[in-house]
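See below for the structure under consideration.
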Amino acid sequence: MKNHLTKAVIAATALSIAAPAFAQTELSFWSWRQEDVAAYGEIIAAFEAENPEISVTYTAHEAKAYNTILTTALAGGSGPDIIHTRAYGSLENISSAGYLEPLDGQVDLSLLSADELLGTTLRADGHVYAVPFASQTVVVYYNMDIFDAQGITAPDTWDEFLAVSQQLKDAGITPLANGTADGWTVEIMSGAFMPNFYGSEFFGDVTSGATTFEDPRYVTALGKMAELAPFMPVGFEGVDYATMKALFNSGAAAMFVGGSWEINGFREAGVNIGMMPGPSAEAGSERMVATWMDGGYAVNAASENKEAALAFIRFTATTPFAQMLTDKLNNIAAVDGAMSSNPDLQQVANFHSAATPYIMLVAFRFDKPTGSSLLQDGLQQLMTGSKTAEEVAADVTAGIAAAE
Amino acid sequence: MEKKRNAGFETWLMHIFLVSTAIIVLYPIFMMVMSGFKTNAEIFGSPFAMPKSFNLDNYAVIWNTTDVPRYLINSTIVTVISVIVLLITGTMAAYAISRYKFRGSIMVSLFFLAGLMLPLRLAIIPLFVQLKAMGLVDNLMGLIMIYTAMSLPSTVFILTGFLRSLPSELEDSARVDGASELRIMVQIMVPLITPAMVIAGIYNAVPIWNDFFFPLIFIQTPENRTLAQGLTSFFGEYSVNFGVLYAGLTLAALPVVAVFILQSKRFIAGMTAGAIK
Amino acid sequence: MDDSEYTRAKRRRARNLKLWLAFLLAPPAAILIIFVFLPMASAVVYSLYDWNGLVRKEFIGLDNFADILFNPNKNVILFNAFGNNVKVFVTLMIVQNGIALVLALLLARNPRGFRFYQVVFFLPVILSTVIIGFQWKMFLNPIFGLVNKALHYAGLSEWALPWLGLPETALPSMLLVNSWHWFGFPTLVFLAAIHRIPKDFIEAARLDGASEWRIAREIIWPLIAPAVTIIVVLTFIGSFNWFEIPYIMNGLEGSPQGSTDMLGLLFYRTAFGSVSAGGSDFGSGSALAVLMFIFIFIFSIIATKYLTSREVEMS
Amino acid sequence: MANIELRGVSKQFGDVKVIKNVSLTVEDNEFVVFVGPSGCGKSTLLRLIAGLEDLTKGEIHIDNARIDHLAPAARGLAMVFQSYALYPHFTVAQNMGYALRVAKEDKASIDKKVRAAADILQLTDYLDRKPKALSGGQRQRVAIGRAIVRNPKVFLFDEPLSNLDAKLRVAMRIELTKLHRTLNATMVYVTHDQVEAMTMADKIVVLRDGMVEQIGAPLDLYNAPDNRFVAGFIGSPAMNFFAGKVEGFVEGGIEISLTEGAPLTFPCTGSGLSIGDAVDFGVRPEHFCIGQGADGTLKGEVYAVERLGGETYLYLSSSSQKELVVHMSGDHQVAVGDHVEIGFSIAQSHLFGPDGQSVR
């Protein structure tokens, strides 16, 4: 009886997805981007139109569990043909285990810069394992309607920023939507403010080992973060990502520090947004944004349809693909040549003239504990006042020294 | 007199306690259902008020963007078959353990009990490798087998207790009447433990229906997703639309609550009356 | 027929009985072995190897265990999580099961609305943890949540806290949610046990003039010992496997600052990695899993033994 | 219909020997009662015959065919259990017809047989009821009906009346005896109640510690118990025993002295006793008379009297005997505290040697 039922279930399932084609190569494509299902559908349709012998099925998994789902599947000798990977440390975890197909030599990567490829290159063997798809940038969003109503113009310097925040607070508006309940949003927040205090040299110095996170430049930058706490929502310790967005969308909060991927959502919610890089330390000094490679498209080394999967990957390294990514997902594509008609994206692209790597993600997510988890914990403690900037810096330094 | 007034006061206190507990239980559930009919603005602005209208807009969003009917069918298939297989195999094991004396019977019952204390979640990686080899990944059958295995220990545990309480003379009598061992089990003994089977069934069906962990790992194509799993990813997508979220929660809770309320008399009677006396 | 034929006939019957027992036991045992014990055994094997993330390398014996237990950088996290699990167990025993016992004692007096209460109290138990986790996360939201709104309306604004965001309140809030979810189960188990006590015992005590409190403490409590055993052991197993509520409400890292970190979350992070916590390590993950098996298994057995020994025979 | 023969039957549970080398024969149509104190193995012996337990050693024959290797149902017997063991989810008719259904008889014939049995037992009106809706006596009759329907060679009863109240028990005793006559069947009946044994049995088997103490017709056991155990077990109230000592031998008898009263001469042949042996002298309560006895007299003080009108029980204590029961028919005016003399005759008394065996 069991058997019959199974057969019935399988038959029902098979019928429902009955593919019209016969000798088609079917590729599976996994991602954590649930919000992008529709857009990827269109992009894939364009690919299939040019490659009628290949069909691609995009499956978006629950973001929080994506790592688990993917690593379990890969370790179990399974997994999709095409994998949407994250970059840097996360990529290294699966590429060093041999689960990904090296792409250099098989895919034309000429439209990608060395910097961009760094995020998808395995440090140990120098091979590229994924085609980077988009870069992300940390910016400060502000609600132009609120600013206008309060007669505020976008602040340039840290002091102006604090003054503006105070003015908003006095007017009964929460200046910053950001909370600390989701650790990663605090790290993002630090990406907007801290670089302008620790400067453009610090990244090179700390990654080369010339200095540590106890460097006075970094400690000063951390100290600035603590000054933001009064301008965050009441109970910010419990404000998570969804609440942050709801606060900003509804106009209850005037500013939101976030990644460039938020543009779409805010526009859809009808917020009249303006964007700016984090404020400069002093008048006239540099206003840098933190950027990183968000991830890439990789081929499962165990795929039975490697050729077809590579065909799709080659497609992702072309300008037309980058153009679709730009148009449909409002991402800043890694592949060169895409022109954006979206003024928001152009603005973000302009910020890149003064950019610094998003420090922990780019350089300190290869070992455990990661710089990110250390910094997130540290920032939470700093914001709630349970630790000083010096203590947090010492914790991060010690954690990274002990990481393996 | 004194004593009587005292007793009255106590009773009064008891009722207050019971009623407030019932409110604490029911009010959040009520709010969940009500919020499913509200817009974001209503939820933020007047959280405790009744919804302005009982329209199904939020439900329409769920219906249109997710494959809820499919998830429902999958969850039903998985839960029903798991519980059936579970009750059949669980009864077999419990019957052997409780009704026969044989060498190693204590070892066998310990073997089943041990399963109760071993959290399968911790062995997820080898389990995946194994199911992969058996072709049960991305297959509802795989989930069914996992759930059956996971729930077997508690089922055997519950049913063993009930079966032990049955008088052995019934069995002897049937044996003298010429019934085979199989027939004694199926015709005489098992019908007498149906209340225990209802308990074991509901006790295990609830976590199976609600589980999202194993589907997350083992189900890969959206067509095979279960309700809890499908809704978890849906929650991620609609993280800022609270009204839709509440509607989703209500929808997911509805089938189990309905089954429970329909069966509650039997289930609770079975749970609290203990065994057949 | 000579004697040996009778012996053979008897043996045949004995063999048939054995076959029948094998028929009964083989399918459930096979399911359990294949889908529970084999993977668990493999997990033990995994834990004895060095892993480069996802790839198995050489056999290293108990090094993984030594590493998670004695490496000072890692064992702080382990001990923190373990300590939290202990807090979970103790709190649930007192709050969740304590309330349940009181409710069971009240329901045992057969108040008006007895059936209604039974159904209502059990209702949250059948709801999915996902549903309850999400729902209460929304209720506890510091800005939009109903809990804080209610406190504001009640004029208790200073009590309105970011419940899930503070290290001091996050775990207690989750434990209250868990108690809300589960209290109906121990209530019914205790109630069943109380119903099983012969009425004469309680009536005799009442005739002797014992107060309700004395009856509860001196008659009912010792006589429901078997139910207490079940609940303690189940709460223990549940507490040390606690995963869903903290995972849904505050994510994989046990935030804020590890105050809601649990062994289950730590296992998950270690074995599978996460975006911010880093890559996966099946070796350490499996070693942690094995330690958890052993701990839960041994303690369950000891607890069962100890608790069973204090059960009184009721004749 | 059928005779049963047990040859050297032994049963062991683990290290515990429950039945020790029992051999006995049940004749065709005989009503045999196994009696003994609880734990004597009588139920086990019955279950061995039924096939519910396997023999450790020995053989069982029914109708001169060996059956101890057969499954219970193949032995052609029916059994009535102490708890009746009615299937709670079946109706009376279904209960009674179950064995026939198992044997795949056709429906009409099952129905006919069930009705016939129900008629005998006056259960016709209850055929559609579930056991729960029946009184104790009715349940008992259904259990018997279930046995009758199968038309077995042998009926086995395991303390079937112990769950009934006293009045019903007497009634059922008579019914069972009647049934035995009507059915003309071999019946083996287990009880710990010697009254049931005495009133119903053609032959009683007294068991103790897994061994047969004596087999015989009820009155043979009463009048000539083989040993002290049987003497004490059969008869109610139980036989009074007096400790004594062998004093000497005379022609055709032995001389014994009791702690109290004059020495006696007990007639016997070849006792195997020697002088100084401790013996037990037994007199049944109903064999005492008030006043001087034919062969001996004892004195005692009455500490309790039970006057039932038709009969009177006196409980006495004497210097040597803490408790002594005397049973007399009719009403007697005796008061507590009275000192009375009671007498007995040698012909109605019994003597047991140091090994407990009867001296005759």
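The first chain written gets the first letter, and so on, giving A, B, C and D; residue counts start at 1 in each chain.
To be clear about the criterion, a contact is a pair of C-beta atoms (placed from the backbone, for glycine too) under 8 Å apart; a residue touches a chain by one contact, two chains touch by 3 or more.
Please read these numbers as outputs of a predicted model, since none were measured by experiment.
Counting hops only between chains that touch, chain A reaches chain D in a minimum of 2. Should one ask which of C-D and B-D has more C-beta pairs in contact, the pair is B-D. Taking the mean of the C-alpha atoms as each chain's centre, chain B and chain D sit 56 Å apart.
Centres computed as Cα averages put chain B at a distance of 15 Å from chain C. Our note on geometry: chain A versus chain B, Cα centroid distance of 39 Å, whole angstroms. Looking at chain B, residues 44, 124-125, 129, 232, 242 sit in touch with two or more other chains. Looking at chain A, residues 64, 68, 72, 75, 246 sit in touch with two or more other chains. In chain D, the residues touching two or more other chains are 71.
Pairwise chain contacts present here: A-B, A-C, B-C, B-D, C-D [touch as defined]. The part of chain A that touches chain B in the complex is made up of residues 2, 5-6, 9-10, 13, 16-17, 28, 30, 34-35, 57, 59-65, 68-69, 72-73, 75-78, 80, 241-242, 245-246, 249-250, 269. Listing the residues of chain D that touch chain C in their complex gives 54, 59, 66, 68-71. Of all residues in chain B, only 167, 169-170, 172-179, 183, 188, 191-192 touch chain D in the complex they form.
Interface residues of chain A, counted against chain C in their complex, comprise 64, 67-68, 71-72, 74-75, 86, 89-90, 92-94, 96-99, 179-184, 187, 233-240, 243, 246-247, 252, 365-370, 372-373, 376-377, 380-381, 384, 399, 402-404.
Note for the complex: chain C touches chain D at residues 1, 6-7, 9-10, 13-14.
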